[in-house]
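Per-chain numbering from 1; labels A, B, C and D assigned in written order.
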Amino acid sequence: MRYQASVEVRLREGIADPQGSTIENATSKLGFEGISNVRVGKSIRFTLESANEKAAHKTVQELCDRFLTNPVIEDATIIIQGIE
Amino acid sequence: MSPTIGVVVFPGSNCEQDAVEAIRGLGAEAVLLWHESAEIGEVDGVIIPGGFAHGDYLRPGAIARFSPAMESIVDFAERGGSVVGICNGFQVLTEVGLLPGALQKNIGLKFLCKPVNLQVESTNSILTSQTKPGDILNIPINHFEGNYTCSEETLNELRNNDRILLTYKNNPNGSMGDIAGICNESRNVVGLMPHPERACHHLLGSTDGEPLLQSFIESANA
Amino acid sequence: MTEKIHRTLGLTDEELEKIIEILGREPNHLELAMYSVMWSEHCSYKSSRIHLKRLPVEGDHVLVGPGENAGVIDVGDDIAIAIRIESHNHPSYIEPYQGAATGVGGIIRDIFTMGARPIAIMDPLRFGPLDDARSKWVAEGVISGISGYGNSVGVPNIGGETVFDQTYIGNPLVNVLCLGILPKDRLVLGQASGVGNLAVLLGATTGRDGIGGVSVLASAGFGDDEEDADKRPSVQVGDPFEEKRLIECCLELLDAGLVVGIQDLGGAGLSCAASETASRGGVGMDFDVAAVPQREKGMQPYEIMTSESQERMLAIVTPDNLELVTQISNKWEIRSSVVGKVTQGGLLRIMEGLEGEVLGEVPAVSLHEDAPLYERPLAPPDDLESFQLDQAEQLPNPEDIAEDLLNLLSDLEWVTSQYDQQLFLNTVIGPGGDAAVLRLKNPSTGQDTGRGLAVTTDGNHRWCAINPRTGTAMIVAESVLNLACVGAEPKALVNCLNFGNPENPTVMWQLSEAVDGMSEACREFDLPVVGGNVSLYNESQGTNIDPTPIVGVIGVIPNLETPPPGMKWAEGDRLIVIGPEPEGLSGSAWAFAQGHRKGVLREFDYDLHKRICAITRELVQNKLVTAVHDVSVGGLGVATAEMAITSGIGCSLARISSHEALFSESSSRVVLAVNPEELINVEEILTNADIPIVRIGLANGDRYTIKGLLDLELHDMKNKWADHLPSAFEGGTTQG
Amino acid sequence: MRYQASVEVRLREGIADPQGSTIENATSKLGFEGISNVRVGKSIRFTLESANEKAAHKTVQELCDRFLTNPVIEDATIIIQGIE
């Protein structure tokens, strides 16, 4: 079976986000008001072959833990969808 | 006998020849270690040089840490061998877990290449033994991701155990605690963002990198 | 059917006629696509070639002149230097980051194609004004693109220029120069030879990037959905990591002597590389489109042949060496595929499988040598006379001369600190000096030769707007003087001619005048032109940019045991200016800042200029001066202010009697700072050489004062200088 | 009213994604099989003050067009949610 995986890698709460603060500063200079708490993460999408959804989820989880995130500062949200 | 220093080369590394040149300039031997070879040979110390291993794609060091050479280097470090990660090398060492914390993008989101003043905080390490506490060293930085980040807990541990070796006089990148370089618990693994190899020749504006690399060579000799 | 298509592809009716004549039949679509890209202005230089022929190209030390991927000169000790400059102006306006990044990638490939390791880049840049948010967005993107690609691929950036002016508001200029070093005997040329040899494509997969005008073929009914056609990305994305591996892989192949010839893929992609290698080698090639690794599904042969996907090289290898070539590519994780075979005769045959169907068949040479050559009409502007009568010298005196000076000061650190400047441990003087200085190390042994290389890039659209011929000559003269300031002898010049629309006779006149000015100056200075690039159609909304020729000059420093003096003077130094009396303000940065862009340029004296260069070189090489800086943009005011700021020591100046004396940019002048104990000696040397000298003052204190004109605190001046760019960019940038 | 905005910035189809392909290569070396079409984008989250949801959407769209993306190579997907 083929699945579409979408992984959002985000900085853990409490970890400072230099990209987010830079964007936040820029928005106010550009005249956008009222924007706050900007946090920047990565969105990684891919397709994978797997026996079933559960197995797919397991693979992606492992990929996140070992490789896609740095657990010292990041965590990930995983979404898996079957492709017909 | 002068020691032999192994300098690791990943695809995308680019400061390996500079490290070799600086090490040879200080009288030691240097050899390149290809990332795919698990055999690191009879080296007395290891440098993981600067550059963009695997393009720094995903995160700096994220792919490099899985190289066969890194496995051997982790072994080597655990046996007490001297290992220094410079810039990208520092990032690799945090990814592979030999050093705590992580290196994020610089505050201001700009790559920064310029000479900075560093203060020696601890002389108790393989990289700083030949310096004096409070020494100010003028050495260039050259990075986009040099903003040292860790938990409060880790920061306290680094502080309490005298594991912060070098700090910035004028923090250029947002690093926690102005950290420019740290070591592991046994003090034989060091990571730093500045490039001491770029400050070892009178034509290049500073020779303040020499005492650092001298310390390292000395430790490898021991 | 072709009748309609050829025009949408940018070919004229006459050009189509010519193709029919060459082939003896109507071209098919694939062939037409190949001619259209190869005969484009960008690839064929059809409007400029006739003028470029006037440039002097000869020199005993020239190993390779114009016509190859890069110029190569012999710098002694069996070391050769490859040098080339190129523009990426249009892509950088649309996608500043990637446009500039791929510009860096392209020029670096031109250098290692010659067998040289790229050791430095320089980036002369021009953007719209700093009060325009979109121009700042472009500038920010371009600079981070150059930084992102250059740093990662591992080539230090040692200098360039950053200029902001109204004339570039809809059309920035992004030029990049690259320098490479090689053992003289490793020089390779981009040619195929040896019938039966294989063409191996190395590097990235081929996608639909940069197909540009050719994509109209699709909408003209080529089996592709019309809808897809305009979705097709023409923007290329750079991959510095692929390029870094490609450099290492190619240099290892060359070191091992495994390739017969090698060629980078730039403009016009495979069409250009395949036909160029074949025609240079006087052979033909069978080319298999099916063997090209593709990034996207359903690519048409014309798309494969014209794609400008980045980070690809075409190597010519003997069948015997194929296995070793594959091994080395694998080591560097570089894709390699056999895509063609060298054949007898001169035909380039595009096939589906080497034994399969022939999709197109053209004489390889015809794509280059038969390209049209235009002698476009040229004419000076109609209003030249009134233009020349309206001179900046007639402008009213400044209300606040100190303010005018401060407005001309700008620290470029905001730009240059984004670039790795020191990799390879060669950089003795990086960005910010009169010329960049590198240690010259033997590329095979790493041994320091004790000598140095010096490089500078220069352009000045203000001078060239006033007088393209004299302006261009002044630029060349300035470069040569810049090299003298670091003690270097000039050896070769490369240039990038950035001009407007060549179908406009005034623009063609500007181009022709600039080429004449450059030729004249190069002959006077005995400076061969070893390469360059022409970028035309730099216009927006019908307005052409001011003519902007850019030159890069490389020189050699015979003895580099200590760093050259640079701009830092010492407390108590005597300050003198050598050279002619300053005259004229037209075309100066000061005049342009007042919105005045007309008048005449004063001619300069070649003989005096050469003597000034020689004496400056002598004083620098013999370490008789503490500091040296040539007088250029912003005149004596800016030159001395920059010296004071970098030194952190003020000065008291006199004998600068008017704003004209302060801001005039007339050529051939140098500020020298001399230790009082050396003063007599230095002045004697100068007098003996019959060099005009004016003592202008003393380096001291913490103020910058000019008797009778102005008095500033050095500290304030420095802050203003340092803050110029950061405060402009922190004000926010947006793409529209 | 306060809203939570989430913007996913992705490279348009057909635009090369060197980062994605490098990650893809690495996954197979790490022993993960069957992973393909890796594409890397950015995910940007922030809160904003706005009169109503429509206005919030408009602001975020403008921010994307002027600042967060370059439409020549990137697309953005915007999700806006009210915060109680």
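Heads up, the rule we're going with is that a residue touches a chain if its C-beta (ideal position, glycine included) is under 8 Å from a C-beta of that chain, and two chains touch if they have at least 3 such contacts.
Only a predicted model underlies this, so the values are computations on that prediction, with no experimental measurement involved.
Should one ask which of A-B and C-D has more C-beta pairs in contact, the pair is C-D. In whole angstrom, the spacing between the mean C-alpha positions of chain A and chain D is 10. One finds 29 Å separating the Cα centroids of chain A and chain B. Computed centre separation for the pair chain B/chain D is 34 angstrom, with centres defined by C-alpha atoms. Annotation for chain A: residues 26, 30, 67-68 touch two or more other chains. Across the assembly, chain C contributes 239, 241, 333, 734 as residues in contact with two or more other chains.
Shared interface positions of chain B, defined as residues touching 2 or more other chains, are 54-55, 57-58, 66. In terms of which chains touch, the assembly is arranged so that all chains touch all other chains. Residues 18-19, 22-23, 26, 29-30, 40 of chain D are the ones that touch chain B when the two sit in their complex. Contact residues on chain D toward chain C in their complex (touch as defined above): 11-18, 22, 25, 65-67, 70, 72-73.
The part of chain A that touches chain D in the complex is made up of residues 8, 10, 20, 23-24, 26-27, 30, 32-50, 59, 62-63, 66-68. Taken together, the chain B residues at the contact with chain D in this complex read 54-55, 57-58, 63, 66. Chain B meets chain A in the complex at residues 58-59, 62, 66, 94-95, 100-102, 104-109, 147, 149-151, 174.
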